[in-house]
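Worksheet: the structure to be examined is printed underneath.
Naming follows writing order (A, B, C and D), and every chain is counted from residue 1.
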């Protein structure tokens, strides 16, 4: 109820604060008999980890995964998998003067008003650091889905007004990982990198868009009314820190189209029903139709900037504040594995749910 | 689990098909002692009803609400409120030839593949008709919220490439309802109306964007991690038929801004902490900050067009199909009360959830 | 949340009051493709119906089931099945003088205090009448389970101090239904019947015990920790009006045994692992072991008696009250199909849940 | 879904295996601002801890609680509280020969069949050891409830056929803790102790009954239909390892009473409505009526005995098995704090739920 869980059958319950002893999550619903070790999870965390390149925060968390339950002799037992990441590099003193100030466009004000108390250091539970647990859980989900041949790719589609130009269906993980931005269009990636370094130098930050494609998804995932597949994806994406928008298929551009252009015409290819276009983004009536799922997520610029800003303090008095600590000039490169993970959690849950439909 | 319920404390369970005997929903969690009668609900249904203007489908459902439980002597008792709307104007024969064909960009194909059976008439459960139940439940939520002075407005922001130009904070229900399009900018409304009639004449359809504003919302609604207020709103909006996107606050435009521009600076006005801008859209860290909540929802053009289209039949063979029956050339005018209702369901649920936080 | 739903995948949401326009429920999670009509449900309602014999209340509700959704051409579609039973024989005037009095051992006092308002007529939502909806939903669950060869029997094991003496594994539906008490031991049944008529004559009521056996249940239903199969059965049984206790397997008698007597020794019979005794009641570690599930439910005597009793009124003043209306001298005969239905709902839900376990 | 969570608003998610690195749980819904430290939790664990007296297993787990999140400067923040207990005294070799054998009346067989794999050492997740996490979470719930003056007592009511004889309303924690059995009747306690030592000597085990009383509970906790307070208590109690039965109020004895004896007559005392008897056990219509809640839980004899027993192995072949390791001859003394904890979890959840009812 308190909003720390996601999913019904494949469910993650997330806990922890940025500068507490540890963060972690409990993963329920993982089928028994899956080979699983830290080595399946750590690479995903390394992609989200701070300090991995010059484009991101220089905070040096090693983010080492620990598996505390649910595995015996290298295989899952069907019982909850408890994952933990110790917090090792807290510099809480960076936050001392912020204890009584509300950072603009952060969650300081709303947490303080909602709870009457908040964990100031590192933003406590409002920190994007807690998404590391989701990335770890998502690694398990992706292992399950890969065994079904389902593949989830995500990449940076734009930074500020610089857009990638790439052939949607031909993007590869290699192309994505070939540069620090995680944009498969190498020309755009260079411009994005320059832009990010430019805003960092100015003590500023910049937003952007991530695109996600899910390939080889079977027909039939998603539930008709409220738990439509795109609805659950939208929720998962809007739960990521700093995300401000979600589009599936044609999205906002599709609002300017007419039905005769927008409709995805069915045809048959070697016994499989496909559509000529994919404005639906792989989902029709809330249920996957077998075409690739295609969505984007909008991320605002990081709120912490190295410039002086006006604000109010806990008593409502005017004050000034300036970012300290080590922060990202642009969340996009590190948000790529988060989007992937959240997508994997949703798809894995619906894949399990769908097993209960055709039961007779 | 099956995806027919929305909400935790204030919860709706939706049932029914377009051409079955009736549609309806069960509303749980409505506080006891609320004065409630059909007259509180019917006006909302009348705004969603087919046949209300020349811009919408001419299907003539009267959509009369029935309240089957949860009320005694005109007041709610705290027990489930069962709402029912009989289906009176089914013309199932319109769908005869569609039984073996998959309409492009409809849910025929995915339902058939998922369940191995589907209710062909009127699209069965995939029909937007079933949102009438949500509108009825939303009317109850809005009555509860109004008693807290919380007000939810929604209007058509664009149809195709025609955009409304209106002072966000000064939109009124009267201005919205002053024309059939439900756009508070009367000049834009005229152009939108002309556009809709034009596409209808061509047997075509057109998409658009709805904007929603929630005023006087208290600080503190929303949960930190997965059940962020914007995440639950996104899910609710993406569950509406034909919706393809969601933005909160600055949305996709915000991805092109820098932090120094985007940050909402706090200030104090007569003892209340406000922000100078509202790029956050009234939510920070998943929790309402007291500023108006501001989001948009993208709707694709209606899939049913009065033109011949290619498709495949249930055996995968090529076929042709042409829309029959009475359909909307543009869902936007009728989607306004649906967006409002879904927003009300989410806010009401979070308002109840928030009562359990500061419990000591 | 409000407690009107039971189950996760196979879920029922119950609504309605004793003397309102109707009662009913929404059944979610029924697999698609099941042949289903009123004729599958009505016989179960007829067994719970008032007025069916001289042992039960003479209230004359016909309890005709209506199916409002989820079926097309005689088969389930996988979408919610909305069931409704109209209330036809309300004599609310029977309750006029009770509006300001709290009937002893009824829910009048607690509802009034919890909600500040209550539906007086017929006890409103606290009436056992609302279990009719559960019986209807349970009929669907039983149809699903029978297709898996799972069979649920229930019978009256005792009335007051009169106990049935029957060979547990040889009880048949025919023997149960051969008398009005629903006790398969015909000698005991006669004594029970005499006892019930005797207490009725005295304006009094009597309690008893129902026993339930679930045969041919597959190994593996139930979840390890909190959602143990016996835990979910216990909850379902204690949710039935007037129930005061639950035992699985050896139950309270088992507390006096030693481990060496109580342990169920495994042996192998034609390739199937069985146990020599069944003190476990068919469940070990929360999971069915393939032996018959065996539990009992204790029912207190009906609270409404035709004798004068002291009580207090809504203002806390002393008062007298005497039962009016038509009531059961003993709920046991009518509770048999309710116990069966609740068991079926739980087992069906766990049967679906178990489909998601061995997924790799 | 997978059954590792209990509660809706105050919710615990339990993880871990007996001989894994650690066990623990995530506690959600704890109100913000509560002073909380290890010292609030450790004493409850010490009462459940193995090795605490000669009546229980001599396994030497120190069961030290760690709090990993949700607290800042000694107060709860409203975010999830992650609790962990490291497993320090595993002697997994005790279980080597059991890897291919199914211990009678244990969960070995059902886990193996359900999951196709199981954690043999210490019974893995089926071990009663995992209730330690529930006890820790229950300590938090009890701290919250005590601030509301709600008090939960539990004690051993019987061991085998030896029954306590005590004045229900006058039992004190001191009397309960005055002996190793945790029975407030010191004469009975001595006999029980002798009985337990006798069965231990014989390599055998014995069952018993625990009684629980909840004092000063406000009127109004519990939900009408499925989530009745007694139904949720029953579920929580039947989820405890080795429990086989649950009674509320008059329980099975009440089935032999007539309504005129059983009904609890209301009267008024200093402005408070009470009942002369409490056969209802403090709950009417699923909702607390302000009288003490009174229930019992039946526990079977521990399945592990130090005697040879027949069984089958993983291939279905006949085999012999004899208990090794360190086990309890009687779970009752250590089950007392578990029953208390489970009761506290249920009551705390319903106390929060009830805050959302009278909301207008």
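As a convention for this text, contacts are C-beta pairs under 8 Å (C-beta built on N, C-alpha and C of every residue); 3 or more make two chains touch, one makes a residue touch a chain.
The shown structure was predicted, so the numbers you read here are calculated from the model rather than taken from an experiment.
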Shortest walk length in steps over touching chains, chain A through to chain C: 1
Chain separated most widely from chain C, comparing mean CA positions: A
Separation of chain B from chain D, taking each centre as the mean of its C-alpha atoms, in whole Å: 46
Between chain C and chain B, distance of the C-alpha-averaged centres to the nearest whole Å: 39
Interchain centroid distance [CA atoms averaged], chain A/chain B, Å: 26
Per-residue multi-chain contacts in chain C, two or more chains: 1-2, 4-5, 8-9, 14, 29, 32-33, 78-79, 114-116, 125, 224, 353, 357-358
Touching residues (chain side chain D, partner chain B) in the complex: 1, 8-9, 29, 31-34, 78-79, 144, 147, 224, 352-353, 355-360
Touching residues (chain side chain C, partner chain B) in the complex: 1-2, 4-5, 8-9, 11, 13-17, 20-24, 26, 28-29, 32-33, 66, 68-70, 72, 75-82, 84, 114-120, 124-125
Chain A residues within the chain B interface of the complex: 1-6, 8, 14, 102, 104-107, 109-111, 113-116, 125-126, 130, 158, 160-161, 199, 204-209, 219-220, 222-228, 230-239, 244-252, 254-268, 271, 273, 275, 279-281, 283-289, 298-305, 307, 309-312, 316-318, 353-354, 356-358
